[in-house]
Amino acid sequence: MDLNQIQVDLAKFAHDRDWDQFHSVRNLGLALMGEVGELAELLQWVDDNDVSKFLAAGGRERLGEELADILFYLVRIADVGGVDLSSAVQSKFEENSSKYPVGKSKGNSKKYDELG
Amino acid sequence: MDLNQIQVDLAKFAHDRDWDQFHSVRNLGLALMGEVGELAELLQWVDDNDVSKFLAAGGRERLGEELADILFYLVRIADVGGVDLSSAVQSKFEENSSKYPVGKSKGNSKKYDELG
Amino acid sequence: MDLNQIQVDLAKFAHDRDWDQFHSVRNLGLALMGEVGELAELLQWVDDNDVSKFLAAGGRERLGEELADILFYLVRIADVGGVDLSSAVQSKFEENSSKYPVGKSKGNSKKYDELG
Amino acid sequence: MDLNQIQVDLAKFAHDRDWDQFHSVRNLGLALMGEVGELAELLQWVDDNDVSKFLAAGGRERLGEELADILFYLVRIADVGGVDLSSAVQSKFEENSSKYPVGKSKGNSKKYDELG
């Protein structure tokens, strides 16, 4: 699914409901944080070793719902804030590629700039 | 930009760096929350009335960076958790469409199920 | 340490720096979320089985710093929002006691209202 | 209300319900993030100019509940992580006092280390 298409669909969704008045960058930011809280709640008591079991027993569907909710607000923030999300994704990907070169980062979860 | 393509690119990125061992659903969830915290920090002292000024003065680029970071972890969680993100987005969009019918939701930020 | 004392000290701290103008409930809420993001970042790659090792190797001190940061904003929000935090703590504790009676909740992480 | 007393009360609360098995540092961290999400949700559509009205119309009580929930998990994390919270608060307060000297920080929301 294309990010731009999601953005267009959500803009229409908000516009049709006259919700643009509520969709300021900060309001949407807080709304995104609310959804992220639901993701945290979904995972809070799932032991690391039980994640597969949790996902198989309905957790996968709920996870998908929370991720979609977060993504919607993320895309709305980009739209309202005038951010070209595809561009930002492209730039960040390139930045990460040079920040974490394969050789130095291999098997290391530490941030490259902490590695010296 | 296509969500599936981002997912494929990030999977390769992680694989090349031998990072799959760190990318459990819960680890990635916490990493996403860390990035969401950076979004909050970016917006914390920006008065609602000063958002346009903030965005024009370099804020837009920083906003794009934070949104990309959040999106990356979101897509990674979907991948590692076996969630079909495009499908989840489609389902959620349809669910929202019937949950918030245009007539009842117009100009109202309250959740539809609170409206009775 | 007394919650009211922390509240008084932080109010003076903000007042002395002329920071009251920035300390609206929503600004402080976002600032708290920024600090919570740092907590998430601190814990993101720590395997559940390695927490003790992490805490012993400097993690405990950093954990204390993040918790203090979060607490500061939490107390400031209460102050600015006119919430009597000690009262709220007392009420919530009593509410939880009746919501999760020992007999029904024993060894069960599910919320009581989900247990029926 | 005393932080240590809250800590003792909550430890007994968890112990009585046999919840210690769930209360790892990371689980509690995610639970705290879930509650922070509820705080975000509470504030998401409240216009900055309408905060007083919101607080007066029942918002203050709900704000108190969310803050108490966050505080409970914060105190539990300290307990389970072996953090002396009162000490951490004291240290952080002193650190902030020297990091943000009154003269340089007055009326400025920028972090001192960004001010040069």
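Residue numbering begins at 1 within each chain, and the chains themselves are lettered A, B, C and D in the order written.
One rule holds for everything that comes next: contacts are C-beta pairs under 8 Å (C-beta built on N, C-alpha and C of every residue); 3 or more make two chains touch, one makes a residue touch a chain.
Since the model is a prediction, treat every value here as computed from it, not as a measurement.
Visitor: Pick from A-C, C-D or A-B: which interface has over half of its contact pairs in common with B-D?
Guide: Repeated interface of B-D: A-C.
Visitor: Indicate the whole-number Å distance between the mean C-alpha point of chain A and the mean C-alpha point of chain B.
Guide: 2
Visitor: Can you check how far apart chain B and chain C are, centre to centre, with Cα atoms defining each centre and the answer in Å?
Guide: A distance of 24 Å separates the two centres.
Visitor: Please output the residue numbers of chain D that touch at least 2 other chains, ranges allowed.
Guide: Residues 22, 26, 29-30, 33, 36, 40, 43, 45, 48, 109 of chain D each touch two or more of the other chains.
Visitor: Viewed as a graph of touching chains, is the assembly arranged as a line, ring, star, complete set, or other?
Guide: If you draw each chain as a dot and join those that touch, every dot ends up joined to every other.
Visitor: Quick one: in the complex, what on chain A touches chain C?
Guide: Those in contact with chain C are residues 26, 29-30, 33, 45, 47-48, 109.
Visitor: Give every residue of chain A touching chain B within the complex, in rising order.
Guide: 1-4, 6, 9, 13, 16-19, 21-22, 24-26, 29, 32-33, 36, 39-40, 43, 46, 48, 51, 55, 60, 63-65, 67-72, 74, 77-78, 81-93, 96-97, 100, 102, 105-109
Visitor: Which part of chain A faces chain D closely enough to touch in the complex?
Guide: 22, 27, 30-31, 33-38, 40-41, 43-45
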